[in-house]
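Chain naming follows the written order as A, B, C and D, and within any one chain the residues start at number 1.
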Amino acid sequence: MRSLKLTVVGGGSSYTPELLEGIINNQNVLNVSEIWLVDVEEGKEKLSIIADLSKRMVKKAKYSIKVFETFDRKEAIKDADYIITQIRVGQLTMRRHDEYISIKHGVIGQETTGAGGFMKALRTIPVLLDICRDIEELAPNAWLLNFTNPAGIITEAILKHSHVKVIGLCNNPINYYKKFANTYNVGVDDVSIHFTGINHLIWITGLYIKGQSKIHDILMGQSDSYEAKNIPDFGWDIEFLQSLGAVPCGYHKYYYQTDRILDEQLEEYQHNETRADKVQKIEKELFEVYQNPELQEKPKALEQRGGAYYSEAAINLILSIHRNSRDVHTLNVQNNGTIKCLPDDVSIEVNCVVESHQITPLQVGDVSPQIRGLLQNVKAYEELTVDAAVYGDKGLAHQALTLHPLVPTAERAKNILDEMLQMNTNFLPQFNEHSHEGDNYL
Amino acid sequence: MRSLKLTVVGGGSSYTPELLEGIINNQNVLNVSEIWLVDVEEGKEKLSIIADLSKRMVKKAKYSIKVFETFDRKEAIKDADYIITQIRVGQLTMRRHDEYISIKHGVIGQETTGAGGFMKALRTIPVLLDICRDIEELAPNAWLLNFTNPAGIITEAILKHSHVKVIGLCNNPINYYKKFANTYNVGVDDVSIHFTGINHLIWITGLYIKGQSKIHDILMGQSDSYEAKNIPDFGWDIEFLQSLGAVPCGYHKYYYQTDRILDEQLEEYQHNETRADKVQKIEKELFEVYQNPELQEKPKALEQRGGAYYSEAAINLILSIHRNSRDVHTLNVQNNGTIKCLPDDVSIEVNCVVESHQITPLQVGDVSPQIRGLLQNVKAYEELTVDAAVYGDKGLAHQALTLHPLVPTAERAKNILDEMLQMNTNFLPQFNEHSHEGDNYL
Amino acid sequence: MRSLKLTVVGGGSSYTPELLEGIINNQNVLNVSEIWLVDVEEGKEKLSIIADLSKRMVKKAKYSIKVFETFDRKEAIKDADYIITQIRVGQLTMRRHDEYISIKHGVIGQETTGAGGFMKALRTIPVLLDICRDIEELAPNAWLLNFTNPAGIITEAILKHSHVKVIGLCNNPINYYKKFANTYNVGVDDVSIHFTGINHLIWITGLYIKGQSKIHDILMGQSDSYEAKNIPDFGWDIEFLQSLGAVPCGYHKYYYQTDRILDEQLEEYQHNETRADKVQKIEKELFEVYQNPELQEKPKALEQRGGAYYSEAAINLILSIHRNSRDVHTLNVQNNGTIKCLPDDVSIEVNCVVESHQITPLQVGDVSPQIRGLLQNVKAYEELTVDAAVYGDKGLAHQALTLHPLVPTAERAKNILDEMLQMNTNFLPQFNEHSHEGDNYL
Amino acid sequence: MRSLKLTVVGGGSSYTPELLEGIINNQNVLNVSEIWLVDVEEGKEKLSIIADLSKRMVKKAKYSIKVFETFDRKEAIKDADYIITQIRVGQLTMRRHDEYISIKHGVIGQETTGAGGFMKALRTIPVLLDICRDIEELAPNAWLLNFTNPAGIITEAILKHSHVKVIGLCNNPINYYKKFANTYNVGVDDVSIHFTGINHLIWITGLYIKGQSKIHDILMGQSDSYEAKNIPDFGWDIEFLQSLGAVPCGYHKYYYQTDRILDEQLEEYQHNETRADKVQKIEKELFEVYQNPELQEKPKALEQRGGAYYSEAAINLILSIHRNSRDVHTLNVQNNGTIKCLPDDVSIEVNCVVESHQITPLQVGDVSPQIRGLLQNVKAYEELTVDAAVYGDKGLAHQALTLHPLVPTAERAKNILDEMLQMNTNFLPQFNEHSHEGDNYL
């Protein structure tokens, strides 16, 4: 059996030990020979801690997997079979700025949804496309599993501007399978969920346990859906769910319950305790744990970090590709007519059949107007964000942010944008080098 | 030449004298023999004043047109050639309630856009569909020109739920032609405007004067677009227009400049001087003028009322149909693939070729994402509003209002909806008779 | 575990023993308690022979499955879990007439493709829709597996005119899997085939063995594709395959190699040895074998009959549904945007994921113009055939046949149609009772 | 008023005098200052005759239009306002070969439909694209009116492979307007015809005289449609027209009455009297007449040539563009969703509104399956023909011809193609220089 080379771009991430655990647990099938952890020099210390822990974990498992740490991205990518991207351009420091600028202007600042995710996309897309240039050259047959947020927008940028075989991956779907398997006391394979939408904006339009429809249990309030820990939970208006005719995901609360979430974010903002602040604290603690030379496995504490089952989603996908298993996974892929009311070339998050050579979405068709209106609006925002990021077009960036449902006016969008571009000037060469404003649509 | 029967449903409207003037000015072509003014009994006094003035106008013009006033809608509709609907269910009193409830909950309350237009649609659609039942039976070949607001939503309800040959008409487009003809000092026929969108949400994507593109004059701020008098004018951010790549219409301000408009509406609300208050005052004054038995023509004062060129738009359209002229008018018609990103069965407002037997839209094709996102969102809201109004489905009404970009949360939508339904209980038999909640999408 | 009731409409078919064998081999998973064989009284003798053989087969296998034979269709259908339709309206006698009339007029007469399939559809659709009425009433949750030819057209009629959960099934796809598994010496699960098209007109656009693309082996002539035994095999022009960029199926020869096939059919026709003649002879021999009371299993001779792996396809599908396995099968289902260039409401034959509650096609998207032109033409013919059959509209029947690529002119179509309708008058109540001609499109 | 420069590429054509007549008759509106007649050196003699006659015609009309004759295409095109292309690559000699090769292989050989039109497209497209390169460089604002056949395919090639403002023009539609105006004794402006289709394959789906539907007069055989003189007329089966629900155009006979037309063509072929033979004779006679120095106007004899109202269609279109009149013309333009069942980037022939800056098709929407099947098949053939001609891809050429409804098999297509490519080797640099076979779809 051929042995595999796995590369983790952003290898110094606190999530890496979970990934390592997943690889080790499936090494008998995967036959991984090399794991390359690559990061930027600014993350040298973290990378070193993670690489050391990884080696201790491999050693304990008595496998002969070689773990490499490097700042040479090209070397890490060359001939890789699977490349996982989990980078954070500008680190948590810039995420914190995204949140604070947003909230200061009275709009929700979240890592993926709204002005926060928008700014993260502008910073991140050029870096990801650079990575794709390396992959196209050095590992054209590799599968790229992108976890980097906002995963849907990043994946769309790659689909539109590279030839890399990219799959956008999120831990949101797997959590629904786990939740409902638990609720109905069945195995995950007995749970069928019909998802419609885009990353962090998916609706459940069908839920079947062993072929029996159960969605009404949720819509009638007789059973709970999965709610991510990092999103406030005010519960759902049951009548609203029934007329929606679908189960919204956690990120829908930003749209449907904006007032309450905004209040909570303002409160956190005033106490310097936004999500970025919290995550910074958790990360600091995690790396202290990781440094312990006695530690030889993924510490329990990591589960607090969020991103539950993140590693499981990634490993399961790699297993399905590797074994050509034709399993169904919920992934971010090119639309190409799957959701008829969205353009062909955008990314969507839907059920797909996974084969070694190809990921194929299952046909969705039409969606109800309740879902369609919000979905199309946010997707148009995403398309403009991709264009703005790729072409460094400030005008399109302004249009994107204005279009976002959580940004009430063009003026507010302008003020937020100006402040963010100023703050991120070091991360936005595409906006600085030249001015494309208005080129693309005038 | 065959003589024509014209019927005005809502004949007691203060606009009618303008329509009369238009007919009289074109009587040599139109050969109208009968004008039927029909209204509800509650409007008896106004109808009587209008009918008397109409007769004096006809007499002065020395035409033999017979003017009828009646409360018998069937008699008025029977064998009519053209039927104009300009009704206001619940009168200005209910419009005032729409505005006050909306603003009280912190959202824009406007007659056509947002929660105000939504409530007006719920009240009005059943009445218009009743009128259509009469037309189907008594004048199946008549053209129905609907001016009743929200004109796009009402027209869509008729297109979806009747066989009447309906055209939705708005005075917004004609004002652009007039404005640009004036700006460039040419005739209206020398002005070509490419409109994309739906009623009260149209973008100008092309402006040509005698075949020369002039849209950049507007986008660069070198020339003004038309701004309706009844919408606050804070000017446009020129850079925003350029990256939009299109000229927004006046009603776009509700979406792009929400904060400022909301501030102004709150101010008016606190002083009991909303638009409904003002219109009530204007109308009172107008009818006093109309009552003057010396008055034999449309008084100048009517022009203050808003609705500029309303009558000219209607008469021009009737002339084009009557003469089978193949002129281009900007009208509300069924989409049927004209704007590719919208469903086939919805109403759109675009350029159309007018023939006696048919109105055919000119192909639009794709629209830019800047336009698309907002357009699709508002259209989905409109579709749900039509369904809610026709089926009396409170759940869909809640979904519709939640989806509207000017209503921030599902909770706010619920509160507004509950209060509005309570206030309008006399006008909503479809919501009272039975409960359809959730039937349509669960 | 719940026990199953299986119903075979057309139970007296010579294929039934193969189906029985499949059930018996999988009884440990399926837990079938009742098999109902239902047929028309004209087929009494055949039904009796088949039922007796079936009982002997069950007995030999020592299972307690009850085998029922009946002419009471409603009783057979009531509460069934799976219903298999394999009827032949008018028996082989009418098939023979289809072939002879076609060839007499110089066009290909084949059971599914061309004028033969057309006539079979007109005879068969009303009967199948009658069966569906029974299923809707007596077994609304049953899955209907339709094998009756022309399977694509019949399935489309059911999809458009009933609420039954129908799946159209053909043995063509499974033969490709078997063939390529054999060629590459791998298991069937290691073979991925991308099919695009409609029943008996599918193109292979991708072939992967364990994730490696192998389609060029076929396109370059280095390896053979599957060729059905009942279609003449003149080989393929390798250059033609390469510019087609896809592997055609056996039935494509009727379109791409019309001259040769027609010559051969004319030869057979002149010697009274068309396919129908041959099948009549084979069937006669088979039933003689079946009558032997010593026979307790499917006889080898059945394999000569054609329809290879027919039973395996059916049983595999039932197993996947029963186990909610999410396996991929190639099935006839509603298009709904899967193949973008075909209407939403037509039947297509593509890869689908099978779950207990639903069959979902995998997205196909665009197809190349080489494939598209023929595919769209034949599909339009099929749509008209369904309409003609359902509404008994002779005019649409004429249009359908004229549109078929194998029928050169409207006049030829007219002559064939007149002769066929005359010959089939006993089987076409819908054409006799009333005349719909031209109603549907004028 | 600005004066115009008109350029006629293929100025030596026998049609040019008709065009001259049209210009002269409208010179008061058009204000043409220069007419450039450009041709290839092989056509020197004809060009000279036409230029001399043109000058005599202008002189007689006492206008100061300058007539230039040249072989310098770039000089002729530079700064032109309108460019008319009416070239015949390979002259009538090659047309004759197209016809003879086709008929020899038993298929219809017609200048635009079938194998004849196919070969003409392969020869002509590269030349037209060369002309477009000149226009893009030297007259980027010019309108290109293409009359060169097969006009739909040529126009599609230009739409796909150049930025020239091209309009494909055919005299077929204007003849219908003339015919029906005559039938109903009304002016052409009182006739509305709804056309659906592509060049030489248009169906009339609506006919209105002063707004009254009259299509049933034709469908019921109470009135004749227009039948071009150069296509055999065997009459239409009235029942066929009724179930078609639309009036076919003359070129439909090649598809619906193939047998009869083929018989007639075989007869002509055997007597060396195909259409090319006849046209060669007519042309010879015409140029003899043209040479007469006494001749100062378009001779009556030209009307025999076919192409009735060809000049009127061109001049009317130029007048509408020049005056920005918003008239409706039936033209070949890019589809872009107008006919929903065809791809966006193909050419279609439909009603359009003509403005100085833009030609906009009127929305058509869905078409009936009777029309759709043939339309889509022929369009796919046209798309492949364009690709084959542009890329010099013999494999795609084979696919195109195989797909054509008038070519029965892939083998026949291969034989015709081989013989045609051999015969046209001097006109097909794109096929000779390099081999692209299979590049585009494999």
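By definition in this document, a contact is a pair of C-beta atoms (placed from the backbone, for glycine too) under 8 Å apart; a residue touches a chain by one contact, two chains touch by 3 or more.
Model, not experiment: these values are computed from the prediction.
Asks: Matching B-D on over half of contact pairs, by residue number: which of A-C, A-B or C-D?
Replies: Repeat interface, by the over-half criterion: A-C.
Asks: Quick one: report the Å distance separating chain A from chain B, using the average Cα coordinate of each chain.
Replies: Centre separation, chain A to chain B: 44 Å.
Asks: Find the geometric centre of each of chain A and chain D from their Cα atoms only, then give the gap between the two centres in Å, rounded to an integer.
Replies: The computed centroid separation for chain A versus chain D comes out at 55 Å.
Asks: With chains as vertices joined when they touch, what's the shape: line, ring, star, complete or other?
Replies: Shape of the chain contacts: a ring, since each chain touches exactly two and the loop closes.
Asks: Kindly provide every pair of chains that touch.
Replies: A-B, A-C, B-D, C-D
Asks: Which stretch or stretches of chain D touch chain B in the complex?
Replies: Answer in residue numbers: 190, 192, 206, 208, 210-213, 324, 326-328, 336-338, 340, 344, 351, 353, 355-358, 360-363, 365-366.
Asks: Which of the residues in chain A come into contact with chain B in the complex?
Replies: Checking each residue of chain A against chain B gives 216, 219, 237, 239-240, 242-245, 256-260, 341, 343, 368-370, 372-374, 376-381, 383-384, 387, 393-396, 398-399, 402-403, 405, 408-412, 414, 437-438, 441-442.
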